[in-house]
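In what follows, a structure is listed as C-alpha cells, so that the remarks can point back to it.
Chain naming follows the written order as A, B, C and D, and within any one chain the residues start at number 1.
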Amino acid sequence: MTAQPKLVGFACRWCSYAGADLAGTSRLEYPASVHLIRVPCSGRVDPTFVIRAFQRGADGVLVAGCHPGDCHYASGNLFARRRFALVKRFLEYLGLEPERFRLEWISAAEGRRFAEVIREMTADLERLGPNRKLREDP
Amino acid sequence: MNPLVPQVATILAIREDTPDVRTFTVRPDGEDFPPYRPGQCAMLSLFGVGEAMISITSTWAPETALEFSVKRAGRVTSALHQAEPGHKVGVRGPYGNSFPVDQWVGHDLLFVGGGIGLAPLRSVINHCLGRRAEFGRVDIVYGARSPRDLCFRQELFESWPKVPGASVQVTVDAADAEWEGPVALVPPFLEQLKPDAAGTFAVTCGPPVMIRYTLQALTRLGFPDDRVFTTLELKMQCGVGKCGRCSIGPKYVCIDGPVFSAAELKSLPAEY
Amino acid sequence: MTMNLLPSERLAEFRECLAAGARLYGPVEVDGIVLFEELGGRPPAIRPGNPANSLKSFLCPQTEAVFDFEGGYTDVALRVPAAPTAQAIFGVRPCDAVALERVSRVLLAEPFADESYRQRREMTTILTMACREAGPHCFCRSVGVSPADGRGSDVVLYPADGHYLLEAVTARGLSVLQSAGAFLDPARDEAARATCQSTPVPLIGAVEREDLAARLEAVALHPHWDELARRCLGCGACTFLCPTCYCFALFDTVRGARGRRSRGWDSCQFKDYSLMAGGHDPLPTKASRIRRRFLHKLSRFPAVQGEYACVGCGRCGGTCPVGLHLAGVLSELEEVLR
Amino acid sequence: MTDRQAALRDIAAGLLGGGQFATFIGFRAGLDPSRPVPHFVRDASGAGALVINPFCGAGLARHVLEALEDGPVGILTRGCDGLGLERLIADGRVARERLHIVAVACRGAVDPARARAILGRIPERAEVDAQAVTLIAGEERRSVPRDSCLLSRCLNCVDPSPRLADSWLDEPLPAGVRDFKAVSHMEQQPPEARYAFWARQFRRCIRCYACRNVCPACSCRSCSLDDPELQERATSLADQFGFQFTRAYHVAGRCVACGECQRACPMSIPLSLLNEKFLKDIRDSFGIADPHRPSAVEPLACYRPDDPESWRGDAR
C-alpha cells in the first residue's frame, strides 16, 4: 500500500471552507489526503505560503476561493486570480508538474464540486508519486 | 567539545524585578557550571529561539545556581520573559575577563550603575562585600528611569546600606507620586555627590549613553583612567572570540572584555 | 621536504588515487563560471586566478548544524551531528591555502577552539597548484603571499612543461605522496618551483605595504569612507567570497517538537550585523562598516596575528558589483592622502 | 564619444555649481580601464572625473535613493537606468522634481571579464555599434560579435534610451520589443530538466543579497528576506528555491528588466530568466504590451473582472 499523497488546501472561509463542510455533512466521499487551512479570503494567500507547503512536504497545493463576482470582500479573489495565474506558471517553470498546484472556485453550496476537485487532485498526485522538488527533506 | 553547544539547564525560579526585568535562577541539569568570576558572562539560550549573552548576576560559590537578570529587549529576551520555572534553557560559559578585584584590595570602591547595568555590578559588589575587610569604603550610586525601574531593591534599600562602611545613593530620571528621593540623571547626580577620587577605584555600567557621560564625570572628579572600569555589551553570536561580531579594533568584547579600564577604552576606536 | 615528479599524463591517475579515501573537490566549470565542487570524475578547470567560491565552502560551510534538539518546554535533548569524513581539495591556489592558515589562527585559538572547523581541517588534505600565471584580479604579492606559497598546503604541485614537481609540505602531504608512489618519479626539478616563485603578478591593484596599518589608521576618519559608502551596495558578496572572512551567525529553526541550531556565514557589511536588541549599533553607517572591513583585514587582524587578513586572491575585485576592489580602494585612499 | 563626455562634464558642473544639486551620479575610471566605477561628484570641480565609455556597466538608478538624502541629484541615465528611476518614482520613493536626468543613448556595455578572455589581456578601449564590438589594447584592435562580449543584460535590451530626460547628450535611439526568447526556450524543456537546471543554479547562491540591494524595484525599507520568520537563514536546496522564488515574486509586475540583479550576482545565477518569466506571463495573461515599463497601476495591484483563466487550458 502506498502512502496517500499530502494535499494542502487553502480554503476561503466564506465559500470553499463551507463547501468542504457541506461535502462532509452530505456524506460525499473524497480522499482524506487534504489538509485544509481556513483563510479569510483566497486573496489572503501569499504565494510564499504555497512554497512553504511544498518545502514542508506537500505533494500538491490547492487554493480555493469564491467564484469571481462573489468575493465577500468584493475583489480579493480577483487579485488572487492574477497572482496565482502567474505563480502557477512560475512553479511549472521551476520544474514542478502542473498538476501539483491548482486554483479553484468553490462556493459554499458546491460540496460536490469540492469533493470532485479533491478526488481529481488526489488521483493526479497518486499518479505523479511523492513530490521531491522544493522539499526540505527529500 | 564544541564550545557552541550549551548545557541544558532548568529555570528554578523567576523573580520580577521591574516591569521589564526578571531575574532567572538557573542550574545546569548535568555537570555543575564551572566556577566564574565577577563580571563574567554566559550565553543563555532558548531552544528554537536563540541565544543572548547575559552577565552573570550571582556571585560564585560551590554548588549554587546561576542568576541572570534579563531586561526584555529583543527576540530572545522577550521569549525568556515568557518562560516559567521548570522550563529548559541552554547555558554556556563563563566567558570573558572579570573585574580586577585583587588589584583593588586596600582601596575605596565606587560603583556607579544605571538601569539593568546594575546586574554585572551586583556580582562584583556582593563579591567585594563578601571580602569586606579587604576594602575601604564601598559607595554605590545607582539610577533608573523611574522608581519602578529600580532593580535589586532588596539589596539597594536593605542589605547593602546595612553593611558597615557602605553607602547607597539612589536617583531616578523621573519621579512618581511616592518617590521622595533625588531626581537626576546619574552623571550629574554623581558629580553633585563629589566622591573622593583619591585612592578610589570606580566601576560603572549602564546604557551606552550613561556610560559615556559617567566616564566624563569621573574624569572631571579626578579619577585617573586606569582606576576607572566599565563593562561593555555588544551584539554577540559565539561568545568565544570567533564570530567577529563584538570586535572593537583588535579586541573582542567576549574574550578580551567585557571589563575594560577607561585607559584601555581610550586606546580603542570608538566603535562601541 | 620530499619532492617528486609527476608526469602530466598521470595527473588523472594521481587524482583518482586521492579520491580513493576521501571526497575529492576541485575547480570545475559550471554554467560558464569556475567553482570548487566535488569533482566526481570531471577534469578540473585549472585557470589563472581563483574559482568564484573559496575553500571556506568546505571548511566552514555556508550553513551547518551545530546541534539538533528535540522536546518541549520542560524536556529537551540535544544531539550533535556526526563527525565529518575525509576530503581532499585539488587545484587550490596558494593564496587560498594561506587563507586557511590565517583563518585557523582565529578559529583554532584556545581555549575555545572551533570544534567543527578543527575536525574538518584535520580531515582535509589541501593539494595546491602553484601559479605560473596570475589571474586578472590577483594581487597576492602586495600582501606578502607568493604564487608558490606553501603555507596551509599539504602538497604543492609546481607545473612545468610535461610534468609537475610535487612537494610535500606536511606529514599528511608526505603520506599522500607515499600512497601515490607508483606514479611518481623521485627526480627533482628545482626550476619548476623557481618559475612559479617568480610568476609576475600584474601591477594593477598593487598595494604599498610599508606601514600600511598605520597609514590606514591615520585615515580612519577621512571623509573618503563616505564616498566609498555611496558606491557600496551593502551586499555581502565581498565577505562571503573572501577566503579570510570568517564571521558567522547562529540561528535556530524549528519543525514541531524538533529543531536545529545552525551556524552560517554572516557579513559585517550587512546593516543588522552589529545592531543590538535595544537599538544601539556601534556600526550604524555603511561607511563605518566598510571601514571596519578594511581596517580589520589590514590593521587590526595584523595587530594581533602579525599577518594581513587578506591574501590577494582578487575575489572582491572580480565580483563586487560596483568595483570596490580591495587594492583599488587602498590606492584611492593613497590618492586622497596625497 | 568624447563629445558626449565633455557635454556630460559641463552639465554636471553646471548643476553642482548652481548650488541646487548636491550630487551628480555617473562613472569615473577604475584601476582597470575596463572597469569604470559608479562615481558621486559632490562639487563642480569634480565633474572632470566623469567618463562615458562602453565599459560603464553598472546600473546607477538604485544609487539615487541614498544620494537624495543629501539633496537633489543629477544622474547619467541610459535606458535601463531610466526604467529604474521610473520604478523608484512610481513607488513613491523618489520625487521626479528632485532629479535632473541626463539622458544618453546606449548601444550596450562590454563585460570586462569576457573582453579580457577574448583579448588575452585587459582592453583599454572599446567601440560598440549595432553589429559588433571592437576591443582595443595598444596597437591591437579586434572586432567580435556583440553577443560574445556584451553584458548579458545588454543583449536583451530594448530600451537603449530613457523615456524621462531633462538633458540629452545625443539623439535617442528607438525602443524595441522584448522577444523573451530565452524564457520560451526554457518553457520548452521537460519539467525534470527545468528543475535540474534551477537546482544547479540556486544551489550556488551565497545569499549575499547583491541581487536585492542593486534592484530599483527592491527598495522596501524593511525586507521580508531579512525577516528570519519569513526567510530562514538555512541554505538547503529547498531554502534556496524558497529564497529565489520570494525575490523574483516580490518584483513580479514591478521588475523593469534592467538585468542589474544578474549582472551583480557574484555566482552568475541567471536571475533575469526568472524575472522575465513573470514579465512574459504578465504580457500574455493580462494583455500588457511592455510590462517592464512602469505604468500608473502595477499589473498585480489591479484586476479586470474578465481576466482570462488561461491556465485552465494547461496540462489538465
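List of remarks:
In the analysis below, contacts are C-beta pairs under 8 Å (C-beta built on N, C-alpha and C of every residue); 3 or more make two chains touch, one makes a residue touch a chain.
Everything numeric in this text was worked out from a predicted model, so none of it was measured.
Centrality annotation: C (chain centre taken as mean Cα position, compared with the mean over all protein Cα atoms).
Per-chain CA centroids place chain C at a distance of 30 Å from chain D.
In this assembly, the C-alpha centroid of chain A lies 54 Å from the C-alpha centroid of chain B.
Centroid to centroid, with C-alpha atoms defining each point, chain A and chain D lie 36 Å apart.
Chain A and chain C, compared by their mean Cα positions, are separated by 46 Å. Multi-chain contact residues of chain C, defined as those touching 2 or more other chains: 249, 251.
The set of chain D residues that touch two or more partner chains is empty.
Shown for chain B are the residues in touch with two or more other chains, of which there are none.
Arrangement of the chains shown, judged by which pairs touch: a linear chain-to-chain path with two open ends. Pairwise, the chains that touch each other are A-D, B-C, C-D. Residues 23, 30-32, 35-40, 58, 62-63, 66-67, 113, 116, 122, 200-201, 204, 206-210, 212-214, 226, 228, 232-235, 260, 263-264, 266-268, 270 of chain D are the ones that touch chain C when the two sit in their complex.
In the complex of the two chains, the chain B residues touching chain C come out as 1-6, 8, 45, 47-52, 73-77, 83-84, 86-88, 207-208, 233-235, 237-238, 240-250, 255, 269, 271-272. On the chain A side of its complex with chain D, the touching residues are 47-48, 51-52, 55, 68-69, 75, 78-79, 81-83, 85-90, 92-99, 103, 120, 124, 133-136, 138. Put simply, chain C touches chain B in their complex at residues 66-67, 69, 71, 73-78, 80, 106-107, 109, 112-116, 220, 246-252, 254, 259, 261, 263, 266, 268, 273-278, 280, 282-283, 288, 292, 295-296, 300-301, 303-304.
Partner chain D is touched in their complex by these residues of chain C: 30-33, 35, 52-53, 62-63, 136, 204-205, 227, 230-231, 233-237, 240-241, 249, 251, 253, 262, 264-265, 267, 270, 272, 318-319, 321-325, 327-328, 331.
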